[in-house]
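Listed next: structures, encoded as structure tokens.
The following pair of complexes shares a single chain, chain A, combined with chain B in the former and chain C in the latter.
Right, the complex of A and B next:
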């Protein structure tokens, strides 16, 4: 049985890429354009490469301690007290991010698809489904992610293909007209759109073939880089940087403007959003899993499944804190930078763990 | 066993309760607004908004309804207020989800009209392919016309604008709402199509040049053809050219493929608009065919004259729009921002002067591929 041996490599790729593809896919062209104008394309690409490097260090670090999640090996690397503090930070981050993605998803649903359904109903139904999946265990999560990967990627690529002929290449003549400055300044902000890759730090104990984890984990991030960059490229090519920066949900606009075979395919956005719900669902389950697992491991117990149901109301209560979309954006910024900090922390952690291992070998 | 039964009942019960949708409105309760016309009202600051509402029953095979649509006029500040007033008057819930056209009369267009378009961009209710046209006259009258080729005027007009633009050079459509959003944000001008109400019919030809969201002037059918070449969105159509008598007098060419690209070039401090056109077509009709029709020489001679002819039309259009209307609906500003970003940023302040003194350079290439099915041999 698979659950005995562990999750397969393809499932790892699916988990990583679908954890990243969540709510950010709706507005990343807008963020990229606000930050860097027409150079937003390059900023998205380079931001992705930065995250690719962080995925690399995160996986290498996790492979140093193949049977531990980050909660445990952070105590080895940083020492017991600091490690436990770092663990608490991760617990808070995971719970807050689950709440933020849940709220972002519900807000988008309310505006785009279900204007009359109460926000609470959207959030609770999603929360229940997420809780049900997470308590099924990592193998369930892995199987669902593997199942959802082809349709979601296929749909986004389909969306891009149907719009590619309206790209106006002359807009890209202004690329790099202000040098690399704007791109470098916007890198930190754009990299936050790629958050989700930190799930790899929790996966190592459950992976069947740990030797290939590096390749497949990075492939997960790689898929997302290609998708985000193409998406931003096409959006900026069709609308130009100022107009995209003005839109709240630019990707949905891309879906709406499709008119194929003389009105045969219209209002593609409804179709798109249906599959996007799957992408948001997988992101929320990944973070919920991180939250439950990290809580349990900090306390020192083994079974995280009851904690899923204890954490669900906590997540919900945090999700209803923002009163409007402006406050939500503030919350999103906070957890984005918190997550990026975790990502960057894998670099010193890797260096420290290598030094420690070298010292142990020398003794 | 009892547990299974109870469980099944509970699940079936919950499923039945979950099946409805919170935001559901029955289709018979909805008033589908398929067309909107804006006219100036006698009350100052207000508009006459005419909604064309379609009966869903009219689309069924045997429609028992005499009137497949009806027009209702409201006086209010803008379109959404008019819609809100409508809710108070009829027992249906109006929706813009199937709105096909928005007709703006020239009186309304003479003042800035982007405030009426805000809801088109801000909400998701309206479809992206909404066609917007300026009516040279009263917009309401268009919605009252009877068409033999279709039941509801809104649909007929929208189809003309969607499809016929590919078969004629003199009709133009504005693409869709996304372009209005871009025009709003980046502040550039555009051309909307013009509808002229005649006694019992309409004529969709020519265009209205919109500058700063105000009507700057009209373009005739021929001028719109020139404008389309400048904008770069020509497809196919018929070209009528007057040739000298020895070459055949009037010639109508059927152009089935055309490409045009406008590039800005800065030489020194002056802006040049370089237009490259390539046309491919067949001869469809000649008034006085000469005998040497089926020869390379004829085609070469005719091509030269036709190219010159087309270039003159385009030059005239460009001059008219550039000088008389002082407007740039050809996206020259947009392209200069991308081609020469530093130049544009440095000269943003007096861009209007630079544009007004811009020169147009055209190079046309027309390939007359076939002369039709008769050769006009002289025996």
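Right, the complex of A and C next:
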């Protein structure tokens, strides 16, 4: 038997893109148009490119320390104490993000699919499924991501394809009418929609073939850039920026427009949502894995599996904190910028580690 | 001897106590054979005297008068061989030989003389140990004892009433060979040899079962199958320490990777052609004496959806049928759950007219759709199980009574709605499309937890069930190969023999999932 230890490169692509494609799929068009109006399309594209660059630095950095996760090599880069603090920050971020995504998922489920089911039931069942998945190990997570990527991508592309004829190009005449100013201003906000790519800093020790990691990891981000940009383009083309900005889940509206084959399926949005659960699940799984792994690595243990069952209630407790969607939005914003900070921190880390390596080489 | 481990120390004590006075039959007599015929025969008799089917035939070798004895089990041996090829030449023709060719019949050389001139059977072995000789007797060989020698002659006389080579009933094909394995190991290995005359094909045999001493053969082709895989199979087989190996179905569970799963991780087949195809893909086949099923390892989920006739039909048709099988496997697992979810939580998902007619037909039904569907699905399983065990003639009656009368009457009585009956029937038919019985039943069982999830959480519950099922299946391995190959991990090369059965010109190489040594299957344009 050829030893198939670790995860394959295609699996890395799947993990990265499905970690990004999560709850943000539902509302990225409205946040884009809110931030940049009709220029939201370009903002989404450029925001994606910023994240692509960050993915690039994150993978380069991780490849400097192929046998460590970010928790361990941050202690090499920053020194022990600062590194521990940084690691602690990541732990908090990962736990909080798991909770936030879980809450966002449950909110959407309750509003769109199961109005009479208690929020707690949705969250607990999801949390249990995620815990079962995460304690199965990274190879199972990788395989599940690989299995779910084709249907999720296929469904979103199908949704876009069925709506593409309704795009009214006249709306794009106003493109860039205010110059690049609004785009640049909204770049940071849009980039948060691409959060999830941080998972690459946790994958390197488990990847079988590390040489191609850069290409495949960036492909993962690339897929989501294409999907998000197309999604925003079609949404803005159909509804216009003013309408979109007021919608809570514009992507679901897009799905609701579809009346397929003389209304054989009357509510395509429900069909879409059921598949979207898979995307939300993989995102929560990635963050949960990140949280469990970083907690264990920061303590210095190897086996993270028992911690999944300690973390799950904690995540649940955080997830039920927001009382309403306003509080949730605030929480999401805070978390997003905290995540973006981690993404940007890879740049100085890469520089420091390069300098350190160069110094060692000179000596 | 290994002691069974139990958590309660008292239990363990009892077990040890019970095991301590082992009346090991080997202890009653010394294992090495002596030169005295009476003593040797006594050793055999010590074991077998109480058994009615053991035959001890004492006779004298021709004119020499040297005492001999033949030991065999009546019923396992071919009487003709014993009469014509052993007793007749030894008792009668030996004297003629002696005169004609003036061969000396010295007492010291008589053993070799018998072996070389008298016994006219091809397969003969010399054995110097009682244990081994005993095993041969029990497997149907005749053991010849000659006075003055501390060894015996084992003469192949196996022959018992056996089922002939029949149609493989569980795996019928429309196009393809119609012969299936039987209960006799030798016949089965011969069926495999007939399909592939490659001298590199190795058939190794080991004996398993502390008491049953069942012959287990594992077959592979040197130069295709990886050594590591063969070693892994050997290791797992050698680990087995059990009193009886009943069937390959039991052996399968003793060597499989994961016990906590309803899915088989070993492919069991009645068909020699399937077995040989597996061997040529770099797999190992395991045959168990007394079992008409061969085991092929490693097995992937994909394999259970392949049928030999896919390769005998044109690829377009085969691919269409494969697609049908995959869709119907999905239908068999998820339809009732989706039906319940839509009816209970999302009636807006279906067209208004259909929703109206469904609700009209369900108006008289007192149960929620979950209970209704569970009831009908359970009835279906009940019918299937009762039909499976009954003689064919009564089985048909069950089919008519169950399917037609109960179904119709249940609708009229208002227990269930016609639409539920339709859904249940579709599910049943879809589940029978899957070519492998054990996979079909594994998938079918998954319906029930999914239905309950759907009843409580709607489509969200169905998706949660789908995710859990996927996680479970993605975590299984079979002899080092991931169960969901080639979907996950994606092996692009192997996708040619997945939902689509590519034309032969596109399948010039063997599948890489088993990592065969010789990759080239076809070398032509």
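Just so we're on the same page, the second predicted complex is superposed on the first by the 356 of 363 C-alpha atoms of A that agree within 3 Å, B and C clash if a C-alpha of one lies under 4 Å from a C-alpha of the other, contacts with A are read in each partner's own complex, and residues count from 1 in each chain.
The rule is short, and it goes like this: contacts are C-beta pairs under 8 Å (C-beta built on N, C-alpha and C of every residue); 3 or more make two chains touch, one makes a residue touch a chain.
Values in this document were obtained by computation on a predicted structure and should not be read as measured data.
*Asks:* Counting only touches as set out at the top, which of chain B and chain C does A:242 meet: first, second, both, neither?
*Replies:* Touch partner of A:242: chain B, not chain C.
*Asks:* Looking at the overlay, does A:8 come into contact with chain B only (first), chain C only (second), both, or neither?
*Replies:* So A:8 only meets chain C here.
*Asks:* Classify the contacts of A:143 with the two partner chains as first (chain B alone), second (chain C alone), both, or neither.
*Replies:* Only chain C is touched by A:143; chain B is not.
*Asks:* Now for A:257: first (chain B), second (chain C), both, or neither, which partner does it touch?
*Replies:* A:257: touches chain B, not chain C.
*Asks:* Name the contact category of A:112: first (chain B only), second (chain C only), both, or neither.
*Replies:* first
*Asks:* So, A:135: does it touch chain B (first), chain C (second), both, or neither?
*Replies:* Neither partner.
*Asks:* Could you tell me if A:121 is touching chain B, chain C, both of them or neither one (first, second, both, neither)?
*Replies:* A:121: touches chain B and chain C.
*Asks:* After lining up the shared chain so the two structures overlap, which partner does A:171 touch, if you call chain B first and chain C second: first, second, both or neither?
*Replies:* Only chain B; A:171 stays clear of chain C.
*Asks:* After superposition on the shared chain, which partner residues are touched by A:267: those of chain B (first), chain C (second), both, or neither?
*Replies:* In the superposed model, A:267 contacts both chain B and chain C.
*Asks:* Mind sorting out which residues of chain A both chain B and chain C touch, each in its own complex?
*Replies:* Residues 114, 117, 121, 263, 266-267 of chain A touch both chain B and chain C.
*Asks:* Within the complex, which stretch of chain B touches chain A?
*Replies:* 21-23, 124, 127-129, 162-163, 176, 178, 181-182, 185-186, 334-335, 337-339, 341-342
*Asks:* Mind pulling up the chain A residues that touch chain B in the complex?
*Replies:* 38, 111-112, 114-118, 121, 170-174, 177-178, 238-240, 242-243, 246-247, 252-253, 256-257, 259, 262-263, 266-267, 269
*Asks:* Please name which positions on chain A make contact with chain C in the complex.
*Replies:* Per the stated touch rule, the residues are 1-2, 4, 8, 10-11, 109, 113-114, 117, 121-122, 125-126, 129, 132-133, 136-137, 140, 142-144, 146-148, 263-267, 270-271, 273-274, 277-278, 281.
*Asks:* Mind listing the chain C positions that touch chain A in their complex?
*Replies:* Interface residues on the chain C side: 226, 228-229, 232, 345-346, 348-352, 457-464, 467-468, 470-471, 474-475, 479-482, 484, 487-490, 514-515.
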